[in-house]
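When the chains are written out, they are named A, B and C in that same order, and each has its own residue count from 1.
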Amino acid sequence: MEIKLSEIKNFLSDSIIDIKGEKNNDIILKYLKNPSEVDEYTLDWINNKGTEKQLKAEQSKAKVIITDNTVSYSNKLGSQNKVLIFVANPKLAIAKVGNHFFKVKSAPCIHPTAIIHPQAIIGNNVFIGPYVSVGACSIGNNVEIHGNTIIGDNVTIKNEVIINSNVILGAEGLGCERESNGNLVTFPHFGGVIIEELVELGSGTIIAKGALSETRIGRGSKLNVNCFVAHNVKIGANAWISPKVNIAGSVNIGDNVTIFSGAIIREQLKIGNTAIVGMGSVVTKNIPDNETWIGNPAKLLAK
Amino acid sequence: MEIKLSEIKNFLSDSIIDIKGEKNNDIILKYLKNPSEVDEYTLDWINNKGTEKQLKAEQSKAKVIITDNTVSYSNKLGSQNKVLIFVANPKLAIAKVGNHFFKVKSAPCIHPTAIIHPQAIIGNNVFIGPYVSVGACSIGNNVEIHGNTIIGDNVTIKNEVIINSNVILGAEGLGCERESNGNLVTFPHFGGVIIEELVELGSGTIIAKGALSETRIGRGSKLNVNCFVAHNVKIGANAWISPKVNIAGSVNIGDNVTIFSGAIIREQLKIGNTAIVGMGSVVTKNIPDNETWIGNPAKLLAK
Amino acid sequence: MEIKLSEIKNFLSDSIIDIKGEKNNDIILKYLKNPSEVDEYTLDWINNKGTEKQLKAEQSKAKVIITDNTVSYSNKLGSQNKVLIFVANPKLAIAKVGNHFFKVKSAPCIHPTAIIHPQAIIGNNVFIGPYVSVGACSIGNNVEIHGNTIIGDNVTIKNEVIINSNVILGAEGLGCERESNGNLVTFPHFGGVIIEELVELGSGTIIAKGALSETRIGRGSKLNVNCFVAHNVKIGANAWISPKVNIAGSVNIGDNVTIFSGAIIREQLKIGNTAIVGMGSVVTKNIPDNETWIGNPAKLLAK
C-alpha cells in the first residue's frame, strides 16, 4: 500500500484548515500504526482528546501528522521537515482516511456454504460469508453479511449495510400473555425488519421481527456487538449504540442518539433526538430531546 | 388464508363472554394487521391495556373485533354491522388465534447440513434447521430446533419444545477454584440438561450442563433471547424470562415466575413461586413467594 | 472408568495433609456423583463451604472421601472402614481429579466442515469442531476450538487454550466518531488478538481485534459465556471473568482479578492486581490493587 501525500490532501480537502511544512506532495505513506511503532512511512495523528500533544508531535517519527490547531508548527517541527495537516477533529479525519485507503473490504461473493432462499432478492456487489442463512428477504447493493449470520424472511436490507458475524435479523420475539392458571401463551409475530442504508451491526446482535408491522433501524446507525432490539422498535438515523444494549418492544428512538454499554430500555418508551443514555443505565421513563440520563433507574444527569 | 367467523367462535368458545352483532357466521377473515392497515378482512382487536377503546372499535375498518367488556355495543357499532366478540383478555385471545390459525410452523424435516450424533434419539414430527449440531441426546415429538443451534450430549428435550436459532444446550460452565498462587482450575461438569414440554428458548440463549446432576427448565417456560442459565439451575413451570437474563449456578426458581430484561441472579439463591424480578435488577438474596423485587441490589418493591 | 485409590493419592500427593482409614490402595473408584446418588464406587467429597460436614461424611455411601480437617476421623467413620483424604481445599482437589481422570477431552481432529484459511498455522493435537471458520491466524498445540466459532485473521492462540462454541475472536469493533451533522464514522481496526496459554473462553464470548495494536487475554485466564472484550483491552494472568461481563476499549486489567456476572467496565480504565468487581457493577473509575468494588456506579466495598 503506497499512498501519496497529495492523495490524502485531496481526500481530506473539505476538512483541512491549514497545512504547514508542505514541500513535497510525493511523500509516500504506507501505514497507520500504533504510537510505539510509528515510522517515517506512517501517517501519524495527534488525538484531539489526548495530552502533551505538542510533545507527541515533536517526538513522532512520522513525516506527516494530522493534528488539531492546539499543536503549533514549532521551530522543532520545522527543522524536522515535518508536514502537519490541521483539521478540527484529527480522530475523525484519521478514521475517514483509514476506512478509505487502508481498510480491506470483503470482495463481493456468495460463499458456497451460504444457504439462500430462492425468493431472496440480492443486489450488486454483495458479500455473503460462510454458513450464512438468507431467507425470503431483500438485500441492496454493496452489502456485507459475515459468517454464521441468519437473515429471516420479510427482512429488507438497504444499500451499503455491513452485518458482522453471527447476527440474527428477524428473530422470533417471545412476548407472552399469562393465563389465569399461570400458563404462558407467546404472542405470535408476523412482521418484518427494515435495515436502512449505511447501518452497521456488530457481531452477535439480534433484531426481532415486528409483531404485525416492522422493526426498523435508521440510516447510518451503528449497533455494536450483542445488542438486542425487540419487536416494533424504531431507531432513527445515526444512533450510536454500544455493546450489549437491550431495547424492549415498541421503543421509539429519535435521531443522533448515543446509548452506552449495557443499557436497558423499557418497552414502549420514547427516547428523544440527540439524547444520551449512560453505561449500564436502566431506562424506565421517556427521555426528552438532548438530555443525558444515567443510573438504575436512569435519571437526568444534572449539568 | 380464509377463516370463517364460525371457526374463530368455535376455537375461542371457552373464552367468549358474549357476542354482539352476529348475523352471519360465514364472514371471512384473512388477516391480522397493524392498526393502521386494518381492512374488512382483518380480525381486529382492542388491546385491554389501551386507551380510547370505544373510539378505536368504532373507527376500525374490520367487520369482526375482539374486545373486553369495557367497550359497549353502541348504536354506531350496530349501524356498521360490526361483530364484537367479548372476552376477558383480548390480547390473550388474539395470541391464541394467531398461533392457531395464522402462524406458519416449520415443516418437519432434518436439514441436510445438520450434524446428528448416531446415538441421538429423535421423535416424530421434528424440525432441525441448517448448520445445527445434535449430540448424543434425546429429542421428543413436535420439536423445532432452528439454525446454528448446538445440542450437547446428555441433553433431554421433551415434546412440543421450540428452540430458536443459535442456542447452545449443554454449554460448558466455567466455574473455577483459585489456587493460592492465583492459578485457576475449572470445575469439571459432567451433568446434563433437561428441557421440559412446551418450553420455548429464544435465539442465542445458552443453558450450561449441570456439574454432576442436571440443569432443568420447567414445563411451559419461555426464555427470551440471549439468556444464560448456569449449571444446576432448576427453573419451575411457566417462567417468563425476558432477554439477556443471567442466572448463576444452582439457583432454584419456583413456578410462574416473571423475570424482566437483563436481571442477574446470584448463585445458590431461591426465587419463590409467582415472584417478579424487575428489569436490570441484581438479585443477591432469596426472594419469597409472590414478591416483586427491583434495583441494584434488588429490594422488595413496596406496594 | 476404573481408578485405583493409589492413583488418586499419587496425583494429589502435593495437596494431601493426611489420610485416615487407609488399608487398601486397590480400592476402585469409578464415578464422581451428585450427593443424592453417591455409591460405594464414588469418590465423594465434603465441600469446604458447606455445613454439617461431619454428618455428611458419616452418612456418605462412598468408601473414599476428600475433606478438609474440620471433619474428624470419628469412631463412626472408622467403623465404616472409610478412607478420608484430608486436603486444605477439597473443592480444588476434586476439580483437579475430575479434570485429570474423568473429563473426556475432544480427540484431536479438524472437522470436515471447518473452513481453514490456507495461511493458518495450526499446531499439534488440535481439535477444530463443526462449522468453525479459521482465518489467517496462528494456533498452538493442544488447543480445542468448538463448533461455530469464528477466528479472524491476525489472531494468535497459544498452547493449551480451550475455545468453546460460538466464540468470535477478532470481531470488528464499532467505535465511532460523530460528525457535526450527526453522521457516524466507524474507526477502522487493523490490529489482532493474542490469547495466551491455558486460557479458556466460554461459549458466545466475543473478543474484538485491536485498533492498531492487539487485544490480549493473559495466561490462564478464564472468561465465561457471552463476555465481550473490546479493542486493545489487556487482561493479565489468571483473570476469572463471569458470564456476560462487558469490558470496553483499552481497559487494562492486572493479574488474578475476579469479575462477577454482568459487570461493565468503562473504556480506558485500569483494574489493579487481585481486584474484585461485584456482580452487575458499573465501573467508571480505576480500581487499585486488592480492592473490591460493587454497585452502579461501582464503589469501594467497605471491609
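In the analysis below, a contact is a pair of C-beta atoms (placed from the backbone, for glycine too) under 8 Å apart; a residue touches a chain by one contact, two chains touch by 3 or more.
Model, not experiment: these values are computed from the prediction.
Colleague: How many degrees of rotation bring the Cα atoms of chain B onto the matching Cα atoms of chain C, given to the nearest 5?
Modeller: With C-alpha atoms aligned, the rotation comes to 120 degrees.
Colleague: Over half shared numbers or under half: where do the identical copies chain A and chain B land at their interface, same or different?
Modeller: different
Colleague: What whole-number Å value describes the gap between the mean CA coordinates of chain A and chain B?
Modeller: It comes to 31 Å between the two C-alpha centres.
Colleague: Any chance you could list the residues of chain C touching two or more other chains?
Modeller: 131, 148, 166, 204, 226, 244, 262, 296
Colleague: Which chain B residues qualify as touching chain A in the complex?
Modeller: Of all residues in chain B, those touching chain A are 32-34, 36-37, 89, 91-92, 95-96, 98-99, 102-103, 113, 129-131, 147-148, 164-166, 200, 202-204, 220-226, 237-238, 240, 242-244, 255-256, 258, 261-262, 274, 279-280, 295-296.
Colleague: In their shared complex, at which residues does chain B touch chain C?
Modeller: Residues in contact with chain C: 115, 131, 133, 148, 150, 166, 168, 171-174, 176-179, 182-188, 190-191, 204, 206, 208, 211-213, 226, 228, 230, 244, 246, 248, 262, 264, 266, 282, 284, 296-297.
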